[in-house]
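Below is one structure; the comments refer to it alone.
Letters A, B, C and D mark the chains as written, and numbering starts fresh at 1 in each.
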């Protein structure tokens, strides 16, 4: 029984690392480091094995996956000579990549419904042609700016109507992909801070189609550490007074986020956890800078001031130096396995138990990483 | 109903901050920052209020507490003019301090049993004279070197016999204090890495006298952060490969720990958490340096290397800059309140639920700070 | 023979620390730590002794210096009980403070020339009344936004004319103060990144009046370190590829610089050194954040990526944690002594040999701190 | 006219990077990043071009250079596919490597003079056979423990005599190599902290043979930064109170230095600069830890506390993350070119003008990196 993993942004760094990495793990060429669901806590959850995963997706780039894998080898993300060893699997996945939408604004006379239908057709063709039990759609494309609330987003009826209006751009691209995925009866994951499925109308759609979805914005670095440290201060009743962060990002992600509009989505997402964990606002800014020389790497520096007993001022700082795609890719595999199983077990709508993976978890205010893990593990136990 | 808090090392920086701080909190001169048990999770646990605490203790120094408080004001630990405002309380506590033992080795002809009896008499006199419902003994004196296992430590009978041997030094000072405390029917806390109650014979004594004890080595800085971060790596299946730490300590604590023998106790205690949390050994050393210019402050730098997906190498580092006495003092108050309540409720022997407070928690291998907190909170719920 | 030091912003944190510190040094209550000119390299330069300095100035605040000194004592900038010991000197200086201009825009019918004349009168009254040999004016007030070039700034003639136009705001406050100082025949120092004397017309005025001036923006932290480290990379032919900086500032300075317009002046000043030293542009941003909880302290984190042999990528980072007023105040004393002596020796116009003290040194492109020091020392030798 | 570069430790990481890098530079495959003498300041010094350098050396390892280069490619030190492109040059150099001495202790009946003669023969054979104008010997082998002073080291006469004593181990290996090099009329460089030429008898030998030598212990990381920062504190009259350092080293160097005896040599060398620059001792320790997971990389963390005006305490810290071989290799090329030219121009004995390159520069107390660079540049000017 095969499971499809349909990646929106299928030729990006994260997706390329996912496909190459899954092949490496299957071939025993690498250990499942960074794969949460490879742990014993998930052994009896009935998750589909990596062998069962088949990859495809949408992308607007036409650079083939083997070439992208070579680039990532030069960048130190994929170890040499892995890209060569899994070349066949990269080619197979590449053959299942279809052109994505470059612009969610329909041409004159066209409707967004028609744009969505083309996406739906790509996904269902993938599922039918390869005889897949089900398909999980995971959005790993570039971050979009935040979207202004619109009446059309409020419920499924108004949305459906609005999508039929020629020339109207009701949904941003990420939400159009989410709409297509849910309409096609696929589970959906928002791996980025883009709007995606995070609209009342799409929640209604997910429930109507009885498919689960989760998100958003995978936590892989600064925020992951934040959600490990902030609960420590809270448990010890130490009064955090400021928390400042500077994120230096290279690569395409850095370039995208250097755009203030897209960066805003990321900042909103990044600033969610602290007040939720500490119970109060904390002064301090979060910067996201593009530093091209860092390549696929990112460096985050966080500086925290806090008060202890009798008001004594203390401070803490940390620097996180990680490889973005290597941190993200195993989580994509984890999420694919988990939500595919949830779908199989009949779960519909937002899956808050997957909050462990996200900066801005849907349908929950729990941000403490250890508590999130305990919730995830308990849920996985129930999937058995 | 009054509760005695008998501090071994009663004129040290921690003890002075405890007495001044408790007075400040009672008088509403400071908020209970850093006091875990001031949180709502402990509101219904029936803990004795701060008002109920009465301080005394042993020390080999004769510098009175008001003078020590002035020194700590100059050092920035106690905010000006607090020491003046709580002078009366400092004097009251100082009047209850008795000379400690400078050397646990009895003079010729003398026995350790006799040394212990003098300590017991001091504590029972304090309890009886002030009409205290019970007394908690907390060891906050200088760290001792590790102690070699000895047959006399194996059970209470052999220990009792050995203590009666003239001239024999069966127990190190911290254990002699623990013996005295438990013998006097008092709950006991090992706040330092010294041996204290951590001997089979003393565990037997605690159970025989139906008193609880807990320890050891309060976690207030580097190890606290370690036990918040290491579980994050574990939950994310990131493979920690090295963890190196350098601790720069000023003040008396730094000078004591610069002695390799005493420093060894601290290092053993500090290196307990990582293998327990990660499930495997990790390369890397832990240094403890004395830097007198830091005064009462300590700085810890930790550097961590880890592998992610496909073996990609990443790293993290943090710097913690804290004031030792200000971090420790509120925990002393927390532990006094919690173990006094446990004693009242009939708990005897090692209290593993207090592991949240310690680097080397007795009777448990759980080091993850969030899990420790959840265990503590649940236990406090049962104390109600 | 007395020398006047007229501080613009005379009741600010820097000025208060200057006055208290000078008094402490004269009374032997503190060692001249941070005072460059106290070193043997300057012993024979004929600089006026600290005893010769008499303080006064302009400010728009009316909080007296003794009260400001108390605030700085609570903040940990001035050690207790120094403020009490030098109370008399603080009062004496406070009595010589005159109201500054809150707004350089003249009221209807009024001219900037008239505003300037009032400032000139204050300074000359100070000089005449106290029989001072000369007066040095040092601008230590809040940073202003950058000023757009204007025809009136081009030469002294057009400026003089423009200043006589009723209602016209030709000069920003800092430049009006500089104009007044130079017109009064006083040496002038731009201690901040504000425009100050940095206009062709004012340079002409300085030369016409035969007075020296220097600036601008004292380097006391991040930039000081930058100008020590960047030459190391250059000398070693290591290719710096990015240099990112985040500055966390508390206090009034932080609040002022959190305003994007004023912050812009500071950023321009901060970003001057790197391209000058390295000989090429370097990617990376400089952030200035206001973190009120830091009080008078500032923390800078800089992250540098560089390439070594065969293109290997390496990185360096540093964190600087300093007290702004304590870093600035001794430099004010140094500059007062040095420029007073230069004035005495007949130096007129921009004094590039003082570049050692500034982020954006006038009339020179030399930013390497060691080279600047060697130039300063050589110049001091010639002042003898 | 060809110049020989004879590397002691010719199959180590540094030497391999030197040979591969020189070939890459000659072929235009890489820019001379990290090569000090490639700068314009050295253009007219008459230095031998890279084309003129021919490599050979001693080593106790038999792993050929092409294989070592592959290992360094996997480690990220030599970029792929450079090792393949310069395979011929690696093989050529490898053919000129002769077995080194594994132990400087002569077998029974043998003398160190005989051991030295074998080394001399290797070097002169290399020079004669390849028709080299001169040979520079550079010691880049593992660090040795410090050597106790001995009467035989005092002058050349006693040394010569002692070397002839059968079975006597008068010199450590590094000094035996230095003795051989100088005896063969070759310039000599101590690139490590080992004793090498740093003995009065060997200085006499260098002068007698009219050859120059320099050392010791190339400064490539922590100490390089120290000697850039410490002068900044000194120039600003800021009082450095403590300087603590932790060095995490992977690779063979880390393993060698983890041995306390060898580590001692490195520490002595590392601790030379601070007191010389600051003019007073500073508290703080320097740790050298082996962290195998770091591979060829090293991380240094330094923490500095200092006092400013009125005794205010401040701090600074930095982290340096470098690739050891990539930092060292270009300096080997620089030193080879510079000392070959000095030899050509008749310079004999210790060359203190090369102090810029070393942690523990011979024959000078100048450690400030900028001043060292200025001295080097001036000297290079005189070589023209």
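Following the convention adopted for this analysis, a contact is a pair of C-beta atoms (placed from the backbone, for glycine too) under 8 Å apart; a residue touches a chain by one contact, two chains touch by 3 or more.
Bear in mind that the values here come from a model prediction, so they are computed numbers and not experimental data.
> When you check each chain against chain A and chain D, which touch both of them?
B, C
> For the chain pairs C-D and B-C, which is connected through the larger number of C-beta pairs in contact?
Here the pair linked by more C-beta pairs in contact is C-D.
> How many angstrom lie between the CA centroids of chain B and chain C, rounded to a whole number?
Centres of chain B and chain C (C-alpha means) sit 50 Å apart.
> Could you grab the centroid distance between chain C and chain D? Build each centroid from C-alpha atoms only and quote it in angstrom.
The mean C-alpha positions of chain C and chain D differ by 44 Å.
> Which residues does chain A have that touch at least 2 chains other than itself?
76, 315, 317, 319, 321
> Show me the residue ranges of chain A that touch chain D in the complex, using the header's touch definition.
Going by the criterion above, the answer is residues 74, 76, 80, 319.
> Which part of chain D faces chain B closely enough to touch in the complex?
Going by the criterion above, the answer is residues 241-242, 244, 246, 248, 283-285, 287, 289, 291-295, 299, 301, 303, 305, 313, 315, 317, 319, 321.
> Spell out the residues on chain D that touch chain C in their complex, using ranges where they run on.
Contact set of chain D toward chain C: 17, 20-21, 24, 30-36, 38-39, 76-79, 82, 224-225, 228-229, 231-232, 235-239, 307-312, 314-323, 326-327, 329-330, 356, 368-371, 373.
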